[in-house]
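One chain, subunit A, links the two complexes that follow: it is found with subunit B in the first and with subunit C in the second.
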Partner chain A sequence: MKHIAQVLLAAFKAHLIATFQYRVQEGMQMIGLLVESLIYLVVWTTVAKARGGEVGGFSTDEIAGYFIAWMFVRNITTGWSPYAMEWRIRRGDFNSLLLRPVHPIFADTSEMLASKAVAMITVIPAMIALALVFKPRFELVPWSLVALIPALILAFVLRYVLMYVLALTAFWTTRLGGLFELWYGVEFFFSGRVAPLTVLPEWAQQVANLLPFKWMFYFPLELLLGRSQPDEMLFGFAMQILWLTVMVLLIRFVWRRATRRYAAVGG
Partner chain B sequence: MHYLRLIWTYLRLSALNELQYRANLLVQMFNSVLGLAIGLAGLALVFSQTDSLAGWGPLELLVVVGVHTLIGGIIKSVIQPNMYQIAEGVQEGNLDYILTKPEDSQLLVSITRFELWRLVDVLVGLGVLIFAVSRLGQGIGLGEAVAFSVVLLCGGLIFYSFWLAIATTSFWVVRTWAIYEMFDRLYQAGRWPVGIYPSWLRFGLTFLVPVAFAVTVPAEALTARLTPLYLALALGMAALALVAARWFWHFGLRHYSGASA
Partner chain C sequence: MDSAVSVHDLSKTYIVHERSSGVRAAVRGIFRRQKKEVKAVQAINFEIQPGEIVGFLGPNGAGKTTTLKMLSGLLYPTGGEARVLGHLPHLRERQYLRQITLVTGQRNQLIWDIPAADSYDLFKAIYEIDPDLYKRTVEEFVEILDMKDLVRKPVRNLSLGERMKVEIAGSLLHHPRVLFLDEPTLGLDVPMQRRVRKFIAEYSQREGATVLLSSHYMADVEALCRRVIVIHQGGILFDGDLSALAARFTSHKKVIVKPADQSLDLSGYGEIVESELGSVSFRVPKSEVPGMTARLLAEVPIVDLAVEDPPIEDVIDVVFAKGAIE
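What follows is the complex of A and B.
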């Protein structure tokens, strides 16, 4: 246990330094994130105005609040991209990682945390700037904010493990583009990224309840905005834990098979 | 004439190279159709809540999606691959081989790569455009068609200049991929008419990252919204951008000392 903690800390520090070295890059990625939320903020504000100030149960200023909080939740819940894994496998960088006496997921995880810590330095000012321009309405509900913390952690872990499972399929195909794109497309609509889920048609909202995406994004976002009822919160946590259990079982299964399959490209 | 032959030779070589990897065509078709499906689902979602978005009806926004896909295909097949190549060439030293050739350096770096299969997006975009325009009912006269072609060409040239300027910065900045990624995000803003954005963002999308000229203005030409002012502005911008990008490229070259020597 102590050993693993040391691994985590060392990787965290190393990556923190690396991230600071490429500040410009981080800044650019931040602008990308800002623009994505801004596009949909503007689109849905325009729609809400055309409808007399409401869409999907959100008033115009609540829409602004949704997409500003969106940035915060998105930065916390995005995991590390499966493309990186695909690249590692194809280039053969994975060979040396597999030889280390600790599971690569530990080093990967602390790298992730380091870049999130850095990203927050830019996300918060961006959120404040957007708030000044669009004058959102937030309602801070104390119990909801307390529940937000575990919900965010679970959402992050869930998305992260899910991406890891997806990335591991690179052991079989080594070319994954299509699969990921399909995945991102589905996630885009059913996680609440493109619009609050209440804007979706009834059947799509039902589907969203069953898929994992809502629990990785929309659920913590609603808690942050104080829009959840206590029973919805309990249901949300139950779904997060259910999906997480499924994914952890799956990752164990896939990992064992994947390493057996691994052919060490480029050795 | 000489330059046309040169372009043709390079294009043919790239195309022959791509033809070896035919399975990529299937992958590209899948991605194009998926991209279109996501775009259409977004539109359907918006129009399930309202009849018009800032004065644009469903079919008119479909025209915007068509132009966006079409231009996106051109960027991804002809413009972007060459620009990546410049950045990579600076890092790895390959650029020096191109520079020693006895032809115009800007022309050569702009035609070395051509991703044939990406043209699927151009076809998909054209298909969407034809569908949307034929349904619009107002019909397209010769005038509109010519105006559309002109502003589309201007948009393409403005984008090319913009990209060349970014690629030129790789003489000084080593890691440029973050810029490309940011650009991809910004280009997504063009899925919607720039008129819906607040004025400061509209300004940025018109003059800093010329999404407006590449997507919205051509779409306006097809939906009877184009004013002579914007037509003139597009022509002026295109000329200005080309001259500026060429000057900047040569400026960059003068400061480049080579990487392989």
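What follows is the complex of A and C.
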């Protein structure tokens, strides 16, 4: 445990240094995040206005709040892109990682966290700028903000592990574009990324409750906006823990098979 | 004494999918894929004692890299068994991985965008290297490999040779007891090759480390290894002293003569392979060397005469050619 903590810390430091080298790339990612949130914000504000100032239980200024807070939660819950993993496997970079006496996921996690930490330097000013322009309204509920911290951590870990499992399929086939696109499409719809889930028809909201995506994004976002009730919060944590258990079992299963397959076919 | 590396009937067969070219074959391939077995390594056996430096030779595709990958733990053998320091490598036990290293010519273990020194700090955590030992080791490696400025520059700004130096140093920071080196001097210029060679030799001697080295540069092997294992088409062709390799595989010696009168025609004494700067080199069957040299010395005024084994590159050519025929 101490060993893993040391690796996490050392990898975080190393990747923090590396991330600062990628100023342009970080900047572009930040602009991408800003543009995406801005598009949804404008679209849904227009819809709300056309429908008399309300959509899916959100007023026009609450919609603005949703998509500004969205940037924060989105930055926290990004994970390893399967394409990046595929590239590493194809280039043979995975060989040296497999020969280290510690699982590669730990150094990878630190790399991700370092990139998030650096991104926050620009995300937060961008959120402030948007807030000044769109004058959002949201309620800061103290208990909800306290619950936000574990909810965000769980959301990050959950999505991170899920993306990692998905990325590991690259060990079987190195042409996964189609699968990822389908996956992202489903996630887009059911996570609350394109629209607050309350906008969806009742049946879709029920489906969203069962799938993992809501718990990786919409749930912490609602806590940040102070829109959750205590019973909803408890249900949310229960779902996060349930899905996390499933994911951890899944990654162990997949990892063992993936590396065995890798070892069988050659790197 | 227990062997550091012990290999019994070790085999690796890859299953590869293959199909003919063309659209029809591609469509057929969706429903039925043709499988083909490729026997990369076939029941090889050898033992390496602790502290030994062994050269691993063979043409491209002979099975060298596959063997090194099985020994380091990246590949599962399909048959037989390999034990390194008493461990089964493919289990990749933490205790095992801490004691070995695999260096390949194209290895990228350092983080590309940051100085090597920062990646070394990460290795220190990964291998749980004692802080004092770590500091001493880095200082020492920096000194020996003359890379004081290099470890402070982002790796992406280094030349190939410079990068190889910092990579090799990084691979040895945890003081591995067994080194698997796959073409460690690939792409390096001659002085850099020499430096890396010296570094490996000194490391092995000081730490008593066992080294299995594959290289295309015979100079690497000649400088570092007394013993060589020659692998060809997945099987072992020769395992023994480097000097015995020439004795076993070549039927000729090289006789170099410097006659006092350089205008003399010596072609009657044997097959001349080279004639320059007043010296004439003959390729002479081993059994005829005593008679031929005696005759030369008796009949021609000679300034200098030497009998040599052919250059190791030529020996290797012969070995591989023989292997291909057998």
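Going forward, the second predicted complex is superposed on the first by the 262 of 267 C-alpha atoms of A that agree within 3 Å, B and C clash if a C-alpha of one lies under 4 Å from a C-alpha of the other, contacts with A are read in each partner's own complex, and residues count from 1 in each chain.
The rule we apply is simple: a contact is a pair of C-beta atoms (placed from the backbone, for glycine too) under 8 Å apart; a residue touches a chain by one contact, two chains touch by 3 or more.
Keep in mind that this is a model prediction, so the values were computed, not measured.
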Touched partner set for A:Val47, first subunit B, second subunit C, both or neither: first
Partner chain in contact with A:Asp61 - subunit B first, subunit C second, else both or neither: neither
Subunit B versus subunit C as contact partner of A:His3, first or second or both or neither: second
Which superposed partner A:Phe188 touches (first subunit B, second subunit C, both, neither): first
Touching partner for A:Ile17 - first (subunit B), second (subunit C), both, neither: second
Where subunit A meets both subunit C and subunit B, residue numbers: 22
In the complex, subunit A residues that touch subunit C: 3, 6-7, 9-11, 13-15, 17-18, 21-22, 91-93, 95-96, 98-102, 107, 260, 262-267
In the complex with subunit B, residue positions of subunit A that touch it: 22, 24-26, 28-29, 31-33, 35-36, 38-39, 42-43, 46-47, 50-51, 55-56, 133, 175, 177-178, 181-182, 185, 188-189, 194-195, 199-201
Subunit B - residues contacting subunit A, complex: 27, 30-31, 34-35, 37-38, 41-42, 45-46, 48-54, 173, 175, 177-179, 181-182, 184-186, 188-189, 191-192, 196-198, 201
Sites on subunit C touched by subunit A in the complex: 14-15, 66, 69, 72-76, 90, 92, 94-95, 97-98, 100-102, 104, 106-109, 111-114, 118-119, 121-122, 124-128, 154
